[in-house]
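Each remark here refers to the structure printed beneath this line.
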Amino acid sequence: MTEQHSEAKRVAILGANGRMGAEAVKAVEAAPDMELVAALGRGDSLDQVTAAGAQYLVDLTVPESTEANVRFAVENDIHAVVGTTGWDAGRLAALEALLAGHPETGVLIAPNFAVGSVLASAFAAKASKYFESVEIIELHHPDKVDAPSGTAVRTAQLIAAERGAAGVPASPDATTSELDGARGCDVDGVRVHSVRLRGLVAHQEVLLGSAGEQLTLRHDSFDRASFMPGVLLGVRNVAAHPGLTVGLDGYLDLGF
Amino acid sequence: MTEQHSEAKRVAILGANGRMGAEAVKAVEAAPDMELVAALGRGDSLDQVTAAGAQYLVDLTVPESTEANVRFAVENDIHAVVGTTGWDAGRLAALEALLAGHPETGVLIAPNFAVGSVLASAFAAKASKYFESVEIIELHHPDKVDAPSGTAVRTAQLIAAERGAAGVPASPDATTSELDGARGCDVDGVRVHSVRLRGLVAHQEVLLGSAGEQLTLRHDSFDRASFMPGVLLGVRNVAAHPGLTVGLDGYLDLGF
Amino acid sequence: MTEQHSEAKRVAILGANGRMGAEAVKAVEAAPDMELVAALGRGDSLDQVTAAGAQYLVDLTVPESTEANVRFAVENDIHAVVGTTGWDAGRLAALEALLAGHPETGVLIAPNFAVGSVLASAFAAKASKYFESVEIIELHHPDKVDAPSGTAVRTAQLIAAERGAAGVPASPDATTSELDGARGCDVDGVRVHSVRLRGLVAHQEVLLGSAGEQLTLRHDSFDRASFMPGVLLGVRNVAAHPGLTVGLDGYLDLGF
Amino acid sequence: MTEQHSEAKRVAILGANGRMGAEAVKAVEAAPDMELVAALGRGDSLDQVTAAGAQYLVDLTVPESTEANVRFAVENDIHAVVGTTGWDAGRLAALEALLAGHPETGVLIAPNFAVGSVLASAFAAKASKYFESVEIIELHHPDKVDAPSGTAVRTAQLIAAERGAAGVPASPDATTSELDGARGCDVDGVRVHSVRLRGLVAHQEVLLGSAGEQLTLRHDSFDRASFMPGVLLGVRNVAAHPGLTVGLDGYLDLGF
């Protein structure tokens, strides 16, 4: 028991009082190969992280504080797994410069921890150059304020890049008479449709079609619990990936 | 055999050289309770219909000639099953006036002969007042020129009427930031999304949602053959429905 | 406010500490036209129901006690809405005999309070006689011990009855070589397939097919909350339906 | 024009009168980078292939003749793309021995030419080790004699191998009471369900689930035309893959 603990990964969680953070606390506590050594909320001092001897820091805070949190981790040679948004090109460049001086330390910044969603987007992009047509339907609860979803935009961009590199022409579309909005919005040449329906959580379908066949890749997130396997996968793999990795797909065995 | 033939329904088909008409010729020939007595193409004289002793006329022609064809049928006390579009309010009123003088004669004008599609629309309307949210996704081949499809527009109108009569409020939608077109088009307050994908034929999904549950009604037309059971059902029932019926659902045992 | 309360339906809930009961307590408390006057758990005396002046009793207890609970309600001229299982033919007959002496009192016994699920089953039965083939796929979480689900069995029975009455032949099936179990189980001639998958709750698809077309009716229950609109609908309508009603569809405007 | 023809790939098709062969004739004739130099039916002499100067042979014949056809091709240094079944381990070993003496010649034996289907199976296998549960539903027309389909069996085997190698435990299943066949058949520990429905052609869904999320990979074959892009892709790539390749996925850019 004691030995097991001494070998377990020592994890600190920032943002432990938020909805994602609270799930992460439960997930790390339940993981047999991890030990939760610190759980910090708003206003708590980062010194608790080093005092507790954390080897891994999970940041699930807010855009305003995530950069300082990660900088603190790297400066103390603590690996970081980050789910907070707000990492623009400037912040990423500064982080890479800092990591250059800590060549053993890994940082994962993941806009999406749902393994199934990340797989679906990667598969969709990879498959898209083999089909004549591709469109995206994303479906969410009706309290969501933006349309389309960030995941749908990223998926469309991945698809557009893959098809562009392969020289695949635009999806055919003979529409000449359209009721405004019927054909969805256009993201880099890919049509995206946003459904808002009470009862739903977060869902996405990529539809790929050629003469006589269709391939459909659908992901459903029913619950915030779906993000925790991705957080744990991040903690388990970040030490083996020194430097900066953006996107959980960098840790998945996709081969591409 | 002879007796059976003398009891079989005597059917004439107009537009027999068109794609729908050619399918109808095959379907009537294969129906054990029907006899095809005339199959007319463009330019053939309607006198062939009466000369052949037809009791039923199936009109699958073009908007320019359908009114004259049906008028001819009614004046000769021949029941008519009509799949041609172009019947506006004025034409329908004139037809009803004509039928008033032929109280035994029935006419069915059906914008859609796919039994499954008609059922799906009727069910969607009936169910829609029990759900907080409703949206429609229609999916077709990419050579279609209009979006949304006529069937989707009619389904949305049926739903809007049913919800309006029951005092159901509009589907909730918190969208404040939208990429143009993402939320589809608006048909009488119902959002409709049009997908165009190579490989598809004609498909429609009505999505209904309330807290914790979803009801999905999907219809797929893979082939023109799917319209023939509806045409035969029309021929078999039109004599029992004197006067004008618009929509195949008038002949289906829906109870509503 | 006072007047509104005096007009509100006075509701007692039995089994208030169970999972369904706890949801019902919240739902009745949130309903503007109802007042929760008693919430009883195991061992509480039924006298509290009459002492509180309840007009409606919602029974969400266990098969062992539901019959006595409902008998108590009817003897006190309290309408009852019952979600507990265990009502066999003998119990139902005894209840009807009791109700004969209380002609103003209504009892609803509903094996399923999910409005969408009840609608889907009713639509599936109604549609099934217009299609050559029909099969059912039900999908649940992997902790479920029985396969297929009770809802799937009832849906198959409704379909079989409707097709039988209309003289529709069995769904075609040319299978001559089958790996044991591949074609599902047989419920009154309808094939039913049971999927068990982590992440799911309770879902059902009825697939109907004819030459060139398919109709799919799918219901998803994501959450126990999905049963509450049905419970409230029951309370609101039970007084207008004196005598015994089995199945929530008896209160829905289906017209059939 | 003449030069273009001299650069075009010179293709011979065996089994040109069969259903697949007839489609292949049309597809090769329509391909701008290919020239159809021979189309042989049952009983035609293979000498026509060499006489026509074919560089590529497409074999869409029957299990009885495919081995001799491919042997003839390799002996004449003609690349072969083979869609015929019947290649057991012994035949494959003999072919590899023959190919050892023709190091520049490529042979592709593909049990499935539908690119989307091959992608779906490969993605399903790759994803399956990241999910707790996996099941397969395959859906076909009711004239099919075997259940489950060969594609479903192969997909299940790929999934079982991938999960086995990664040490993933069996999908959870608490079923203790089952109506015979409800839970489908068992292929290497993966549950497979076979639906047979009029109106369908060939369809498959792989369902993957973990706590709070689901990933669904669905492929629909609506038409034999869906196999032709795979045949052409085979012809275009076989020369760059000397030796024996089994499965179209060997030519797809999947990276795994």
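Letters are used for the chains, namely A, B, C and D, taken in the order the chains are written, and counting of residues starts over at 1 for each.
Assume contacts are C-beta pairs under 8 Å (C-beta built on N, C-alpha and C of every residue); 3 or more make two chains touch, one makes a residue touch a chain.
Keep in mind the model is a prediction, meaning the values are calculated, not measured.
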- request: Average the CA atoms of each chain to get its centre, and name the chain whose centre is farthest from that of subunit A.
  value: B
- prompt: Which pair, A-C or A-B, has more C-beta contacts?
  reply: A-B
Message: I'd like to verify one number: the distance from the centre of subunit A to the centre of subunit C, where each centre is the average of its C-alpha atoms, in whole angstrom.
response: 40
- prompt: What whole-Å value do you get for the distance between subunit A and subunit B if each is reduced to the mean of its CA atoms?
  reply: 46
Residues of subunit C engaged with two or more neighbouring chains: 131, 199, 208, 210-214, 220, 222, 226
Query: Chain adjacency by touch: line, ring, star, complete or other shape?
result: complete
Task: Provide the residue numbers of subunit B that touch subunit A in the complex, in ascending order.
output: 131-135, 137, 139, 142-148, 171-187, 191-200, 207-214
Field: subunit D partner contacts - residues on subunit A that touch it in the complex
entry: 114-117, 119-120, 123, 126-127, 129-131, 208, 210-229, 252-256
Field: subunit D residues touching subunit B - in the complex, by the definition given at the top
entry: 199, 201, 220, 222, 226
